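The letters A, B, C and D name the chains in turn, as written, and every chain counts its residues from 1.
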Amino acid sequence: MTVDIAYLRKLIEAFEQSDWDEIHLRGEDFEIRLSTSADEPAAASAPAGAAAPAATPVATPAPAGNGSAPAAQAAPVNAPAATGAAGEPVVSPSVGIFWRAPSPTSPPFVDVGDEVTEESTLCIVEVMKLMTQVGAGMSGRVVDILVANGESVEKGQPLFTIQPT
Amino acid sequence: MRLRKVLIANRGEIALRIVRACADEDVRSVVATSEVDWDSLPARLADERVCIGPAAAAKSYLSVGSVMSAAIATGCDAIHPGYGFLSERPELPEACDRLGLRFVGPSAEAIRRGGDKVIAREIARAAGVPVGGDAQALEDSSAAATRAQELGYPLLIKAAAGGGGRGMVLVRDPDELRSSFDRASGEAQAAFGDGRVYLERYLDDARHVEVQILADAHGGVVALGDRDCSCQRRYQKVVEEAPAASVGDETHARLAESARSLARALDYVGAGTVEFLVDRSTQDIVFLEMNTRVQVEHPVTEAVTGVDIVREQLRIAAGERLSIGQEAVSIDGHAIECRLNAEDPARGFAPDPGTVQEWILPQGDGIRVDTHIQVGSRIPPHYDSLLAKLIVHGPDRASAIERTERALQHLRVGGIITNAELLRSIVRHPDFRADRINTRWLEQELT
Amino acid sequence: MRLRKVLIANRGEIALRIVRACADEDVRSVVATSEVDWDSLPARLADERVCIGPAAAAKSYLSVGSVMSAAIATGCDAIHPGYGFLSERPELPEACDRLGLRFVGPSAEAIRRGGDKVIAREIARAAGVPVGGDAQALEDSSAAATRAQELGYPLLIKAAAGGGGRGMVLVRDPDELRSSFDRASGEAQAAFGDGRVYLERYLDDARHVEVQILADAHGGVVALGDRDCSCQRRYQKVVEEAPAASVGDETHARLAESARSLARALDYVGAGTVEFLVDRSTQDIVFLEMNTRVQVEHPVTEAVTGVDIVREQLRIAAGERLSIGQEAVSIDGHAIECRLNAEDPARGFAPDPGTVQEWILPQGDGIRVDTHIQVGSRIPPHYDSLLAKLIVHGPDRASAIERTERALQHLRVGGIITNAELLRSIVRHPDFRADRINTRWLEQELT
Amino acid sequence: MTVDIAYLRKLIEAFEQSDWDEIHLRGEDFEIRLSTSADEPAAASAPAGAAAPAATPVATPAPAGNGSAPAAQAAPVNAPAATGAAGEPVVSPSVGIFWRAPSPTSPPFVDVGDEVTEESTLCIVEVMKLMTQVGAGMSGRVVDILVANGESVEKGQPLFTIQPT
């Protein structure tokens, strides 16, 4: 099926009157992207609770209209690529979702350059609603963060690089 | 007015259950999926599917904008939220009202009032439903101390915005109350953005009993009997039964009447569940909370009443009358539901996502399995761990237990770790068989 | 004496059904398979499996020596034959007797007498069961003509060794009888090695109604109500129901009493089925034949009586008493079974072997599916085409039909062609819904 | 599991006292073959009904005893190999089992060298209990029979070669 033009009009109208920040729909044979800015949307933000920043809505409908099916795979997992930063890796204890902050509205646990101790929490890995805090396990300085917030991670995948002190 | 096309804003077994109920009601179905669920069974079996965002639920199943947009773009005239996700967020029915869609569930107002513990308790109290403690939020620590003295210890400090076991602290004496009150209120503020707390009587030997309610827009309010869900771990139900076999006829009637009164007081329309604790020695009942959506364990009630609860939800949303009146409700036999989860009891119930390699279900008289899993299904790490619900119906509780034990024996799952062995241990346990368990039993005995 | 280990000399859904019944009775199971069935679901789920020969049934499932050898080599103390294959061959219980194993079924003598149409009819007649015609084989064409004059046309010439529709000729007048008699007898001799034939009243507007019998070694004989199997094509049942809704209470009682009398007269021990025709206008009943084994359609009786027929078979073979007495049998609601076959109605019901690519079963309250199929199962060309039995139970016939229609709607099979669309047409048809069909209806209306 | 020696003894005894002509059992980790002669057994005979020739029983038990699983596949399908005989092929109308005779005790419909007409039945192909007679469809002489009795055949597989006359 393709999208009825009347439905599309109604959708744009609803979007303009809403505080929804970005909409991206894909069906069997259509794709619709509406955004409050012309930029590419940011990645997922943090666990649970939808953030709702109000902005001047600028609708940019872009129905693709061809028969291509949507990609069935989720966000790609970052490969543990060699980075320039030297140090010890902190790896994920399980498969899951990588979260840098305890809630959508909180600041990240750590940033590059921060000093950490053995007890410092670096991130949360969420698996099926179970939140596991990942600790540094060593004292040192965060020299690299290898995964973007909200991405899927595999068990044993390096998440941070820490330069021990 | 008949529904034409329903957007299902959910995933897993409940999405499949709703797809089939739509087909049964001759309504078209559209499943809204995240990227990882695009090829899931409910998405493939629906009349249409639409991908509304990435795997992270915050950007897909929890996004009101994405769900509403998907409903509009696919020409739906209603949204069914299932359970969890957006099902108890008043923002979704509000958006439906604003944009001219129907919401398969109660009004935003009913969700808001039913979901706020303090308001719900006040309404319950006014409707004559025992609330076991206060129905008002407490000003401060000293007000709490005064009130606690009147109620008597032990007590629970509970968050007005909490639920499902989150935001509660047990206090056994004035010292514990003093030291815990400010922390409890602070944590409630941090977790729910709402620091209001109240006091509730703590029953340490109680059963969790809940009443299934259906209410239509024409004033019809029916209680479809009760369920016992005392077998739980960390407030997550594991095994549920209908009816609650350990309570007497008088208590059954009191529970049903209390639930109907509360539904009427809320001007409730839709399917809902009123949860109670029942003291095992006194049979006193205490209102716990109201769930304003279809419940995971609804099939045990379907088994003993013969009423299709999800189809009734669709009929109610279409403005039709309930297909059954209170006087026609009768309870036939006993039903038990076991929740099969992808989790490892040996590793503290750590969830175990992965790919299902073997999936052999029990078959036989009185056995029903609701599941979205097939061989080859990948269990994503993003959502809850429910794989399947095994629902067994028998002429009485003993035969339902025996059939459940056999059915669990015939289940074979490979590729992922499940709690099947725990379920077998539960139904074989003499305490469970004798029905002498309380809400803390599972954690104390078997985990 | 309890059974310890049972060899299952069968395949497909009934082998799986028996594997599970053995587990339920705490008896070990060994499935005897042909080479192509080695990896089948029943073989994998049994405690043990043993390959007894090549795909051709004559060298595996139909070989008494192979089956007996497998039972001995694996240390079994009993053999369950299922249905079809060796289940009605007296040679198997004879070999069991000789070699000290128990046979889950009646004695060789009961199989022989019950399976011989002429002898069974004579026993039925002596027990007061209406046989609608003769109970003796006819000498020759002129004896037949004399007898036919007394009975009145139309008549069926039937082979004493026939069954399941094989070996019968309809004659409407003396000319047809004369021209058909010698041919019918000759064909019976060629097909069954037994040229005896007899005459039976031909009812051209009748229903096929059968009674499920259970009998133990202690004299207990129970009739578990009746089934209507009028919906058939070429004497192959397609849709079966319990109870037979079109007959009155008096006829139900007459059928049950006739079946019990026959079982007693045969000294019958085990599960069996007594088949009758019931004239639609007069409600006259006519004995057809006795099946001395578990029936494909046994689950509809399980649904409405709550009795597990295969477990009862195992108990009877162990020398135990039936778990239910006649006075405790009650019929709860209505059940319908649909046989899903790998066959193409568009090509004259040609069987369609192949590999199952998609296999999505209905789920829900009152729905049971008995099947050995999974995605990836190969349907071999060597055996019958039954893929699954959909059994639906409801409070009454109308709701059972409605649930069946929905369940068939939710079924999805890919990779092979099935008769699903025919099943849907049947349950939607006004004649079926009004229950005004006879044994010829399906062929005349829908095929 | 392996076979208990007592069971094996009992089996041999039962075989010796029976009229079973050949027994071949394979379990997860055993194989037993008993035969009335030392020769390899003949292939499957004909549809339905077990033949029961009496012969002096000579038990030759041969438990393999190792862990090899039995072959899960049925009799191999004969490839439509090129044969020396020239002529027209008669092919199978469907997948199924090839039977040269109408019953186990009957003689074959045709043998190599037989003359056939358009109406002659050459064989039966059985699929799920449905017996389909395969006719010659031409007049001629049977010059080759390409499949052994009782074997599985595929749709379109050549069964006979006929030299038309």
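A few points about this structure:
The criterion applied here is as follows: a contact is a pair of C-beta atoms (placed from the backbone, for glycine too) under 8 Å apart; a residue touches a chain by one contact, two chains touch by 3 or more.
Everything numeric in this text was worked out from a predicted model, so none of it was measured.
Any chain touching chain C that also touches chain D would appear here, but none does. Measuring from the averaged C-alpha position of chain A to that of chain B gives a distance of 29 Å.
Averaged Cα coordinates give chain B a centre that lies 44 Å from the centre of chain C.
The mean-CA centres of chain B and chain D are about 60 angstrom from one another, to the nearest whole unit. Averaging Cα coordinates per chain places chain A and chain D 63 Å apart. Taken as a contact graph, with one node per protein chain and an edge wherever two chains touch, the assembly forms an open path, each chain linked only to its neighbours along a line.
If you check each pair of chains against the touch rule, the ones that pass are A-B, B-C, C-D. Taken together, the chain D residues at the contact with chain C in this complex read 1, 3-4, 7-8, 10-11, 14-15, 18-28, 30, 32, 34, 44-51, 69-75, 94-97, 104, 126-130, 150, 152.
Chain contact summary for the complex, chain C toward chain B: residues 16-17, 20, 23-24, 41, 45, 299, 302-303, 306, 308, 360, 362-371, 374-376, 391, 394-395, 406, 409-410, 412. Those residues of chain C lying in contact with chain D across their complex are 34-36, 38-39, 48-59, 62-66, 68-70, 72-75, 95, 99, 342-343, 350-351, 353-354, 380-385.
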